[in-house]
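Here it is, the structure in full.
We call the chains A, B, C and D, going by the order they appear; numbering starts again at 1 in every chain.
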């Protein structure tokens, strides 16, 4: 493939029409919450973009992120994107294994130094010098530190890479941390979610290809286009929340009528992600549409944020100290009470019967 | 600490501590106040005082003759923000859910549009009563740090709650955490500020009604 | 700390109780008590706000009876109550408070502010911060028997004149009478007609009664200055005399604070219930009216209005008798808008009328503007009242403002028009 | 449970799932039409970015109805474009080769933008046609 070939040329050579490309841009614009009219401008820029080299490093992960992305069948939009990048290293997907694979990695890093996009999924184990997770005898920590300096940008894919995720859940035995906890001097995009939405990856790559920069990020390093609003904001059940109509159990009348799942522990209001818009399983539905509350998987420490089935307004165990507090309160009150009585009795004892001269100063 | 951790702390450990301190403070203060005792009244009552204390508890919620005209802001503003606070605190669905998880009691709430409207009116009224406190010579004269602090302690939960629900100013997660933290602050401070009137006013009215009732005067 | 200040604070510590603590805890500084206080409404000066007048009592409460206050005091963070402060507060606790109790009726959290002012006066009095006028009145009452220094021979003299003028006998020291009648010095000196009227009514109703040579004076300056020891000493004279004569009832004169002293504070001062009943003269008259004994030969033609004395009505509970009696004897009664338990004070109650410093008198006249407006609103020139102290205060103010309002005592008015 | 048919199915009336959002979409369409008339500027609404319930969508489709023009576009999957009962209001549904809906718009325009061929493509077509003529001659 010609390195200097643009995306549009590549596509047209593959037999794709301009309208297909336009259609693709329209759907991307929709995904990235750009106005539909922006599709044309995007098509123009994206048409002129070049294919970048991508290196994909898997750390402490479950392969769910890779599954999520590859579940998109070719030639889908996601599939087309993989046509547009040069995926030079991906342990799970590549045909090569062992020393061959390692060689491919090092070649890619050397050839595209300073230009490649580094995708990381999984958290980085730091306990016991990173010994909890090793590839070819080297710890994830080492690999990351080796691969990061040559990357143009790093994409932390999934909640584990973004925020530590489930490996970091209490008590975090492996000392798992996020990519951003280790690498401080590179632009990092966090594409959180457990797993992340595949089209979000596409969107970020498309943005990178279109504009040559990373998209605008929120305070947690996530692209605002996808994480700018909460699940709750975009949820089709939101009007029921506003009307105060809540399902109380998973099999009551409210649940059947599709009322809001807030009281059943839905974390939609504090979860920033695009599930309600992009949906899952070939755009079939998303958890709330299937009748289950959002568990907040794209947020840091979602695993330790109270129970999945506890309403957000419901605290974990608020009456924990009440017994002890009541005992101390009564004791303090009783102590003051006793002291007050003593004080008042002393005042009474000190009473001298008033005589007229006392009224004068 | 990120915003999710802040929220988790606020509605976890933070709330545990706040509720604990609230219970501790309330019991301590109520015992401190009401064990001071009072002398038995030896004068024979004109009429049996009976329920006059209880009558006063109810009756004092209405302005005595001529008072509404003398201080309309205190009465009307007072009514609006007290009733508004009651509605927002006790009839907002997530709050009811909280009560249910705490004590197992549930009751019907109001639609969130109604709650929004009540919250806006209550916020505006609280600003008005603050303005009145600064503007009215008597209130300004009586006011010290404690009065403004009590106002702020009441206003903040309402404001942060409203901003959280309407997704204004800060991300919802952060605002919800701030809302819960402000409520915790209120809980901890309540027993030691004039906000304790929420509880003691019933006893105060009862004493007043009882003293007057024995003499045959409905207070 | 001076010895007298020590005594004052000790006195406050003795009287602070659960209601006081509850009241201070409940106050939200809403300022509505000011709107009920004529010293604020007529001057517009916020220092006259009732709850502000209680500041020293509040601080003593906090520093002595709350844990945080005690800790603050130990750490030197609490501002102690000083002699200078109490001296400054004298004006607020005595000159500008008549214990009228109107604030206690409006406080939205239910604070009985008057109850607390009365207690604060205990500390003010023993620390030597009561105004000179009230101190002198108290001294005269304790030493000479009455605030005006009236002695029994002088009373006897008045009785002789009354008997001669009215033709009714005035019994003295008659054991076993149903009523022992108390008088106030002011009535004896200024309105001896009151005694004649009573004699006439008792005779007509066929009720036995008596005066006591040992205790004819009903007023009790000890209550006004706020000293329980002295108030007890004064009230004990009545109790002893009444129980010695074995009367069933003691009749309190119109005078407001006298009624408060003997009816409501008396048993608490003495520390036991009385062996007799205390009846206000209007209660007796109203009872006679209901029985049909009280018949009028004619009625007063001029339209009148009524001033309700605070200590008898709002604080004393004689709520319905006054208007019912008044309607018996007048053709036209024009009530004031705020009346009964919501009346406005004359401005001279609670001992205030005994204070003769020019500033205090000036303040009283300013406060009177409230009553003046009330009188003018009714449009009448005759005002009936039933408290000698109110009457004197009102008459002084009427003269001061050169109004042509005539003051009448209710009992006298009734006596004057009573069927022969 | 013996067979899947025994699972009770509860059918809801469409009204029960209406959230009121679809009505807002309708009024926005009306505004866009007004703008199209006034300035000639086309507009569109991304239906997938709105929190519409399935019932809302049905309601909206029903309200808009179908007009005279139906266009099928075969470009990396089938796209349906049809004019609604309101002239100038188009419903555009893009699908990929797997028949999944990838984008759904209401487009308010004289003709949906994607239908207009690009000049470059026409140029190329022209060249190709000429080449073809040359070959034949």
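Here is the rule we go by: a residue touches a chain if its C-beta (ideal position, glycine included) is under 8 Å from a C-beta of that chain, and two chains touch if they have at least 3 such contacts.
Everything quoted here is computed from the prediction, not taken from an experiment.
Just to note, of A-B and A-C, the chains joined by more C-beta pairs in contact are A-B. Located most centrally within the structure is B, per distance between chain CA means and the overall CA mean.
Note on chain placement: the centre of chain B and the centre of chain D lie 55 Å apart, centres being C-alpha means. Averaged C-alpha coordinates put the centre of chain A at 39 Å from the centre of chain B.
With each centre defined as the average position of its C-alpha atoms, the distance from chain A to chain C rounds to 77 Å. Centre-to-centre separation of chain B and chain C, using mean CA positions: 38 Å. Across the assembly, chain D contributes no residue that touches 2 or more other chains. Across the assembly, chain C contributes 16, 65-67 as residues in contact with two or more other chains. Those residues of chain B in touch with two or more other chains are numbered 28-29, 32, 35-36.
The touch graph of these protein chains has some other shape, matching none of line, ring, star or complete.
Every pair of chains meeting the contact definition is listed here: A-B, A-C, A-D, B-C. Within the complex formed with chain C, the residues of chain B that make contact are 28-29, 32-39, 41-44, 46, 56-57, 60-61, 63-67, 70-71, 74, 78, 136-143, 147, 150, 192, 194, 196-197, 200-201, 203-209, 211-212, 215-219. On the side of chain C, the complex with chain A involves touching residues 4, 7, 10-11, 13-14, 16, 64-67, 70, 125-126, 128-130, 135, 138-139, 142-143, 225, 227, 229-230.
Those residues of chain A lying in contact with chain C across their complex are 332, 335-336, 339-340, 343-344, 347-348, 350-354, 356, 358-361.
Partner chain A is touched in their complex by these residues of chain B: 2-5, 7-8, 11-12, 15-17, 19-32, 35-36, 93-95, 97-98, 101-102, 109-113, 167, 171-173, 176. Residues 10, 12, 16-17, 19-21, 42-46, 48-49, 51-53, 56, 73, 75-77, 79, 94, 96-98, 100-103, 105, 107, 113-114, 118, 120-121 of chain D touch chain A in their complex.
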